[in-house]
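Have a look at these structures, which come just after this line.
Here come two complexes built around chain A, the first alongside chain B, the second alongside chain C.
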Partner chain A sequence: MTPQEINALLSAACFAGLAGLTLLGALLAALCRRLIYSVSGLALSFIGLAGLYLYLNAPFLALMQILVYVGAVCIVILFAIMLADTQDEQSGRDRRATLTAIASFLAASMLAVALFLMIRGTTWMAPAAPQNTGSLQDLGHALLGRFGFAFELISVVLLLAILGALVVARNGRDTPRD
Partner chain B sequence: MYSLGDIVRLLLYLVGLIGFGAFNAAYLSLLERKQSAWMQLRRGPTEVGPWGLIQPVADGLKLLSKQILLPRDVNVPLFLLAPIMVVVPAIVSLVTIPFSETLVAHRYNLGLLMIFSFGAINIFALLIAGWASANKYASIGAVRVVAQNIAYEVPMLLVVIALVMVTSSFDLVEIVKQQGGGCWHWNLLKLGANPMMPASFLIFFICMLAETNRAPFDMVEAESELIAGAFTEYSGMGFGLFFIAEYVNILIGCSLATILFLGGWDCPFGLFPGPHWFLIKMYALCFTVVWVRWSFPRTQFYGLLNLSWKILIPLALVNLLLTAVMLKLVP
Partner chain C sequence: METHFLQASQQLPAYLIIGALLFAIGFFGFCRHRTLVGMLVSGELILAGASLNFVAFGHFLAADRVAGQAFALFIMGIAAAEAALVLSIMIAVYRNYRTIQTRDLKAMEG
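Coming up: the complex of A and B.
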């Protein structure tokens, strides 16, 4: 084999491995009956996704994916599970569960068919040429320049979320004065 | 892109770094025992080898030969996975640490960020370890880990962001290069960029102690109240891996402090820069970490959280704003 062929093969193998990792994690998250396995699967899926970003030559995004999603989101979910009652996490199957399963299967397959038809019917555009080299500087300029307004709006949303959390937490703590 | 030689070089470096990490874990534990003995007017380990120098080897053999117990209620896959998840990111983080300008396994322009994002996996793994142990002490230890690490990650990242604004690079080699030529160029003393630099070094060091779960912030382990916290049910090398990871994390924390604030491999008076200076500074910081542990009693948990949320985070925010203002005013 020529070096180009080997490179292409290695590249395809990397992609398949990372996509497989992401899918495996997602399946674990969706199918496991124990919540803690689901969160671990979610973390695995996030790490696979970070690998895919790395594969697409976006290392900053990959590292942020791990830092934010594995380091914060998964930990907060896990924290909530540990603090919550762990007795009812293995709820048994009953008759309604089978009905729910059939209904969700039907809904999911309809969605899948619709998506398949849409994918077949669409004429795909050629992949856009990269706007910049995707370096940290470019990202910073894009975030604070071209997408500055969206960036600021997101920070307002986050601020509101913090205030909302404070209000909710404060409400329960107040003792009636009169 | 990468040639075969690069990959072989990286693998060899990785093997060397595993050795370096394990060696340091072993001998930092000896340092810990010797230093605590010295501070408490005891003698510490003396039996194995001269001055107890072979003691870590004996400890390692003991841990290797012990049986790994699996208690009845333990969640087996997660219980066995947790020590691996703790130790692998710690070792891999060492890859981007530059010991000198050329002695670095892989120079990476996002090295600083990579160390922080891999550090985040550590918390996840400790939480899994605590949960999988199915033990009250372990669960409490694990819950404390999260509260503590989230609390101290905020000021640490704020301080590092302020520093990155000054250096305008995530590349650890580049950050050290900007501090070359004597201790008055080090970030610690770069008062022209930000008059709060020494304070931000102090914040970084305190947060580093808390992030590596060291006394006075060792709420995870807290022997006197939680037996061994999240590690209670682990035996043999399962426990040994947590132990190694703790010391490797201290090593990484001290290396980062050296690189970010103390000029890395640069000599304080501009003579013969090289990896020896890096090691001297790093081990001086490691010594300080142990020194702090045996000098201060463990804080209460509320005190720990209050220190972060009420003192360190406001200070770090002021530091960030001040850095931004100084960058605008002093071009």
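Coming up: the complex of A and C.
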């Protein structure tokens, strides 16, 4: 084997591994009854997704995916699970739960098959001539230039979400006892 | 077929199929889970599938290579805000009902 062939093989193996990690984590998140396992599966899936972003030439996005999703969102969900002392989902031996699981599995698999057929059947347009390389520098210029308004709006939304979360979570709490 | 597999990471449909599967798995989990936390986790999976699609289209087809990445970053911001809000709502619900099982939250039942 020439070095190029070995390179291609390794790259394809890494891609397959990352795709498998993403889907395996997603399955864990969807199937586990224990919420801790669910959130762990979500973190696993996000790490695989960050690897896929690297393949798509978006290293900044991959880092943000790990920083924001794995580092912040998953940890916050874990905190909430521990704070609310949630008992895990009761084992679904009753008939209604089984029916729900079967129905949602059927719906989801029909959705997946339809999307798969659509993706296979579509001929995509020819790639447009790139205006920029998609490097981190271009991304920074775009975020503070063309997408500046959306960027600022997102920060307002985040601020409002923090305030709203504080108000909602504090409401109904006993007044301090001191 | 072997070369096809070897070049999967350079082809748009591979990413689209992964995104579609993430969406379908998230949808399945959203219907199946019976706690608010489980539904939130599945919702995050659906959003992840959407952002993978955006980044893949931006990388392979768009003239503006940056647009897909920027949109995925915006989705990330919205998802973080959504998670914070949903968790605070969940804590408020837990304080009032002592449970987050969705079937027990039926005060508005007719």
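Here is the rule we use: the second predicted complex is superposed on the first by the 147 of 178 C-alpha atoms of A that agree within 3 Å, B and C clash if a C-alpha of one lies under 4 Å from a C-alpha of the other, contacts with A are read in each partner's own complex, and residues count from 1 in each chain.
As a working rule, contacts are C-beta pairs under 8 Å (C-beta built on N, C-alpha and C of every residue); 3 or more make two chains touch, one makes a residue touch a chain.
If you're wondering where the values come from, they're calculated on a predicted model, not measured in any experiment.
Enquirer: Scan A:169 for contacts with chain B and chain C and give back first, second, both or neither.
Expert: second
Enquirer: Looking at A:73, would you say it contacts chain B, chain C, both, or neither? Reply first, second, both or neither.
Expert: Only chain C; A:73 stays clear of chain B.
Enquirer: Tell me the contact category for A:60 with respect to chain B and chain C: first, second, both or neither.
Expert: A:60 sits against chain B and chain C alike.
Enquirer: Would you mind checking which one, chain B or chain C, touches more residues on chain A?
Expert: C
Enquirer: Does the superposition put A:98 against chain B (first), chain C (second), both, or neither?
Expert: In the superposed model, A:98 contacts neither chain B nor chain C.
Enquirer: Taking the superposition as given, does A:154 touch the first partner, chain B, the second, chain C, both, or neither?
Expert: second
Enquirer: Taking the superposition as given, does A:42 touch the first partner, chain B, the second, chain C, both, or neither?
Expert: In the superposition, A:42 touches chain C alone.
Enquirer: I'd like to know which partner A:22 touches here: chain B for first, chain C for second, both or neither.
Expert: The answer is second: A:22 touches chain C but not chain B.
Enquirer: Residues of chain A that sit at the chain B interface in one complex and at the chain C interface in the other, please.
Expert: Touching chain B in the first complex and chain C in the second, residues 60, 64, 72, 79, 83 of chain A appear in both lists.
Enquirer: Which part of chain B faces chain A closely enough to touch in the complex?
Expert: Interface residues on chain B, with respect to chain A: 75, 78, 109-110, 113-114, 116-121, 123-124, 127-128, 130-131, 139, 142-143, 146, 150, 170.
Enquirer: State the interface residues of chain C toward chain A in the complex, per the touch definition above.
Expert: Per the touch definition, chain C meets chain A at residues 5-9, 12-18, 20-35, 37-38, 40-42, 44-45, 48, 52, 55-56, 58-67, 69-70, 72-74, 76-85, 87-92, 94-96, 99-101.
Enquirer: Chain C touches which residues of chain A in the complex?
Expert: By the definition above, chain A touches chain C via 8-9, 11-12, 15-16, 19, 22-23, 26-27, 29-31, 35, 38-39, 42, 45-46, 49, 52-53, 55-58, 60-61, 64-65, 68-69, 72-73, 76-77, 79-81, 83-84, 86-87, 89-90, 92, 97, 100-101, 103-105, 107-109, 111-112, 115-116, 119-120, 124-125, 127-134, 138-139, 142-143, 147, 150-151, 154-155, 157-158, 160-162, 164-166, 168-169, 171-173.
Enquirer: Using the touch rule from the top, collect the residues of chain A that touch chain B in their complex.
Expert: 36-37, 40, 43, 59-60, 63-64, 66-67, 70-72, 74-75, 78-79, 82-83, 136
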